[in-house]
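The structures considered in this document are given below.
Each of the next two complexes has subunit A plus one other chain: subunit B in the first, subunit C in the second.
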Partner chain A sequence: MNTKLKRLLFYLLITLLSLLFILPLCWMILSSFKIDETIYKDLGTVYAFIPRFKDLTIRSYQELLNLYHIFKNMFNSLIYASITVVIGLIINSLAGYALAKFKFPFKNLILIFIIALMIVPIEATILPLYLVVNQLKLINTIYGLLLPFLTNVMNIFLFRQYFLAFPNELAEAAKIDGLGHFGLFFKIVFPVSRPIYVTIGIITFLASWNDFLWPVMALSNSDLMPIQVALNAIFSDRYNIFTSHIMAALTLVTIPIIIIYILFQKHIIEGAARSGIK
Partner chain B sequence: MKKTSKVKYRTDEVMTAYLFLLPALLLALIFIVVPIILAFIYGFTDYYLLKPDERTFIGLDNFIRMLSDDLLIQTFKNTVYFVVLVVPIQLGMALGLALIINKKFRGNTYYRVAYFAPAVLSLVVISILWSVLLNPSSGLINQLLSSLGLPKQPFLTSTSQAMPTLVLISAWSGCGYQMLIFLAGLKNIQPNLYEAAEIDGANTWQKFKHITIPGLRAVSMFLIITTTIQAFKLIVQPMVMTGGGPDYKTMTLLQYIYEYGFRHRNTGYVSAITLVFTIFLVVVSIVFKKVLKEE
Partner chain C sequence: MKKLVIMFLAVVMVVSIAGCTKKTNADDKIIIWTQASPDHPEGRMFADRVDAYNAAHPDKRQVEIQNFTRAGAGSGYIDKLNAAITSNEVPDIFTLDGPDVASYADSGVIGTLDGIIDSNFVNGFTDAMIEQGTVDGKLYALGYQDSGVAIMYNEDVIQELPQEVKLLIPSMDEDWTWEDFYKVTEAIQQLRTNPETKDKASIKNLELIVDFLTSDIPKGAYEIAMYYLTPLFWSNGGQVVADDGLTLDEVLNSPQNIEALVQFGKFFANDYAQAIEPEKAFHTGKAAMAVAGFWYISDLEKNYPSLKFRTVRYPKMDASYTGNFTPSGSWAFVRSNRLAMDNPKTKEVVDVMEWMTNDEASAEYYHANGAIPGRKQSISVIDTNTDNDYHNEAWSVLKYQVENTNKARPVSVGYPYLSETFARDIILKIAQNKVEDEETIKQYVKDTIDKLNLEFKKYKK
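What follows is the complex of A and B.
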């Protein structure tokens, strides 16, 4: 086989493969801009994936936003994810820093404890977690929703590994400048380490934004519902609404995530690599 | 030796260390450790959440009951079936895509983005989207099948097709992110190894077998373990797409825990299941680590 034909076959194969991954997404976005009649008329044709501009409309978005408080749910999710990221980064990095840089009694014991917790499959213990939160009277509150997942032992471990390699000379210089442990951490260590904070922060944000099982259990108040739970509620209501509405909702929820992926792609790739190669 | 083993602590450093550790450890204690202890305690009782005062110690009854709980055994089988299929399929796809993207060719970026695209969707979005796409009568996939002259398929509404369908959807959505991890692994392999092999006249397959596979060992180990554990905890897709049906054929262990522990408030019995499930997953990850390390 000559190389030209070989290359053509290679491109044909990888292009067909790529269609498998993107066509469902194309259909989702395109269908959100149609009315149901057009969606189903186009199904067996290429127009399921290729826009015909005369058919496009934003009606489904207008109707969807009249029927459901999607933006409110998205705003809830944004708040929950932001709080989880900010507080999570602070407490996990402080713990990781202490384990990397300080000498204190029971240090090894605490480190072993953290590593042991890393193998505990969190979702598996979701029922007794519910019992604890219920006992604390935190069901249906933002505290019950967020407090259980602020500590992330994996992130403590990642921060510890990072700070182990952090040069001690900077710390020495800071001490000469009269900074205490807190000043050193917040004024010197934190600003220098911004990339790892962004990487872990983005991964945490996405996980929180996508979380479904715990919010279903911890919240029944629809005012507090995050977007993923609301989406499922809309979908369960499918006999009252149209496919175009559902696709509009899915598209709306995905747009912020696409923006995050575009803005932070380097950090996300770095996060994937860091999780794989420790 | 004695001199080095006796560490001198500085009070301010010790105080700061504990202060730095306190918030994270306190929350971990309350929300990770206490639940495990509770599962251990309640697992030996007939605790029913709506009647908390009538809680009595019943020894091993809950654990004996599990052995004859047909639905629990069914969900265990379903979960194992899912794990056994999804781990090789998803990781195989991820590795294949990573090998393609690792080549240098024009348009590489487009293909990387395309293969990764489903990974930006949340599990709920994926589940809803595919429920619509796979609708037996009006879904896109069946329309495509009919226009190709193929018979329509029931997919999620069929007892035999539902779980394999969930496997394929999970692999479709999950392999993009793992492709990135494999790619990072591939980039870590020294290129001069391939150059040396070429000089020695090695063909593509030999290079793959003797350089790529060993070079990816650490990454593969990590991915096999995490994907397996993750797959055992499958719940969102069946919850949204099938509700565990048809005929409980897609109900998973975690879904059983959710349905009967949380919704039906069968706290004592499901605590016992939680305990067994947690220990099972811990053992699986430890055994996997040992076995894969020895290879």
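What follows is the complex of A and C.
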């Protein structure tokens, strides 16, 4: 088989694979601009993925936005996710660096605990977490919503793995030049570790953006509700909400995620490759 | 850099302390939790109702409502509720799905309303609503709405049937049987091979004859099976579980139930129904008939205006059966057992529950969210004199059923597991394996009983 043919087959394969992931997204976006009857009429035909402009309408968006304050919920989620990412990156990377580079008693034991905690699902810890946050009188506050998720054992572990590869010689040289631990971390380690920060930042952002259970447990004020809680409310409204509205809501909620992926895709791949996420 | 770190830690501490808030579950207020999201029309209608109470009763304890969002069958809200129970912070009033009332009553989380609530007020509810809220003869829950299921058919398809088959389909105020229902589906299937009819648009479009929504079961909506199909048992003189809520032997596997399941299996064995149906099969004309919940009506009216949908009553297994049997039930208000019966606040709590479920509230909920009233006096608010005949017919059928034949789902402390196992191990298996022979169905039921008995051991005292 010659090289040209191999390359052609390769591109054909990755095009098919890409379509497998892209087509459902196309269907969702296109369906959000159709009425329900057309969505199901087109299902199973090529028109599920290719627009017929005469059938497109923004009616579902108008009706959805009249009924639900979806942008307010998206804004709330954006704020919560941003705070969780910024503070979480600082705390988790410092912890990961300490585990990678410092010598202190019980370091390995702590690491074992961290790895062990990674396998405990959130559903198993949600009730004790609620009881603790409730005891601290933080239920129904933004602090109660955000504080439990600022530290993340998985992120600490990933940072540790990444920082293990950081050359000790560079750290020694920086110390000779007079930098302390924090100076070394923020002036030397942090700037050269951007890929892992971007990767973990995106993972954290997505986790926060998609979180449903904890916000329901921690909040009751509708003004503070994040987008996933709003989406569930929308889905359960069988009187006003139908397929086209659901597609419109999902399209709006997916847009920020797609933008983030497009902006940071290079860093995501690099970070994933170097930290062992892949 | 050290200064920066110290400042950061200081900010975190200040923010944490500032986050401390006053405990909300104070005794000077009555707290209500519901499963309806604050932005949902249902959540808004509850909030409006509470505002009206507070305005009408300025001299009494004020009511504070907190609406939470539920996902699917109730997760999210139920997790929150269970956490509150664990931390002994149960709200004064909260909502539960009808079939879950028994397990909360059994565990002592909710208190009875007997001896506090006015019996005339209770008598204003339909039989199904009272039945749904009653456990071991005591009333615990007040439903704020009912629900209903009927049979819908596509008029364009039915018009193609021979006259003698058309006569099997009743008018909206007549009863009919599952046997007649089956004969109609059999005749529709023949239209698909009849050279005179098979190429007509309404027939050509058909992919199945009747839509049972069984495809909801693998998606995790197990309750649909119990909700849609227990009426087959009831209308044949059977039951899912005995009155003690735990005995299954000679109940779930009774000859009446097996006969009903064989009838159900015939639809799948002969390919008139499919375990996994196309989405919105009836709405899009891919199914000629549907076992249709009340939520179909608004969807069909708003989104499928060209579909000529007709509605008839839910069929009986045994034509001579006279008891209640049609699908019913929804979420209901209950009170926490935290307050003693002689506590003056308990009476006020029950008064608030009455306010949230009385005739006026039921009418308001219907207008706000299309909720079917669960009170006899309020059922008349359902408008059956619109200019849409399909709407009028569908709601007339459902009104009749709510008033006369609706029946609450089984009462059992182990209901969630019972419902899931019934759906997965009996209904889905029959549908997927296209089973209609009695012996196989008996085996499915036996295996299910064995499985359930193991689980129910822990409830048997």
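Just so we're on the same page, the second predicted complex is superposed on the first by the 218 of 278 C-alpha atoms of A that agree within 3 Å, B and C clash if a C-alpha of one lies under 4 Å from a C-alpha of the other, contacts with A are read in each partner's own complex, and residues count from 1 in each chain.
To be clear about the criterion, contacts are C-beta pairs under 8 Å (C-beta built on N, C-alpha and C of every residue); 3 or more make two chains touch, one makes a residue touch a chain.
Just so you know, these numbers come straight off a predicted model, no measurement behind them.
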Partner chain(s) touched by A:40 [first = subunit B, second = subunit C, both, neither]: both
Touched partner set for A:28, first subunit B, second subunit C, both or neither: first
Partner chain in contact with A:189 - subunit B first, subunit C second, else both or neither: neither
Dominant toucher of subunit A (residue count), subunit B or subunit C: B
Subunit B versus subunit C as contact partner of A:100, first or second or both or neither: neither
Which superposed partner A:126 touches (first subunit B, second subunit C, both, neither): both
Contacts of A:147 with subunit B and subunit C, given as first, second, both or neither: both
First (subunit B), second (subunit C), both or neither touched by A:65: neither
Which superposed partner A:217 touches (first subunit B, second subunit C, both, neither): both
Touching partner for A:233 - first (subunit B), second (subunit C), both, neither: second
Shared contact residues on subunit A - subunit B and subunit C: 40, 43, 90, 126-127, 130-131, 147, 180, 182, 212-213, 217, 232, 235, 243
Subunit A contact footprint on subunit B (complex, rising order): 7, 9-10, 12-14, 16-18, 20-21, 23-25, 27-28, 30-36, 38-39, 42, 49, 97, 100, 105, 107, 110-111, 114-115, 117-118, 120-125, 128-133, 138, 140, 143-144, 146-147, 172, 176-177, 180-182, 184-185, 188, 218-219, 222-223, 229, 232-233, 235-236, 239-240, 254, 257-258, 261-262, 267, 270-271, 274, 277-278, 281-282, 285-286
Complex contacts: residues of subunit A adjacent to subunit B: 10-11, 14, 17-18, 20-22, 24-25, 27-28, 40, 43-44, 48, 90-92, 94-95, 97-99, 102-105, 107, 110, 114, 117, 119-133, 147-151, 153, 156, 180-182, 185, 209-210, 212-213, 217, 228, 231-232, 235, 243, 246-247, 250, 253-254, 257-258, 261, 268-269, 272-273, 275-278
Complex contact set, residues of subunit C against subunit A: 1-2, 4-5, 8, 15-16, 18-21, 23-24, 37-43, 66-71, 75-77, 79-80, 82-83, 86-87, 89, 278-280, 283-284, 295, 298-299, 302-304, 306, 369-370
Contacting residues of subunit A [partner subunit C, same complex]: 35-37, 40-41, 43, 67-69, 90, 126-127, 130-131, 134, 136-144, 147, 180, 182-183, 186, 212-213, 216-217, 220, 222, 225, 229-230, 232-233, 235-240, 242-244
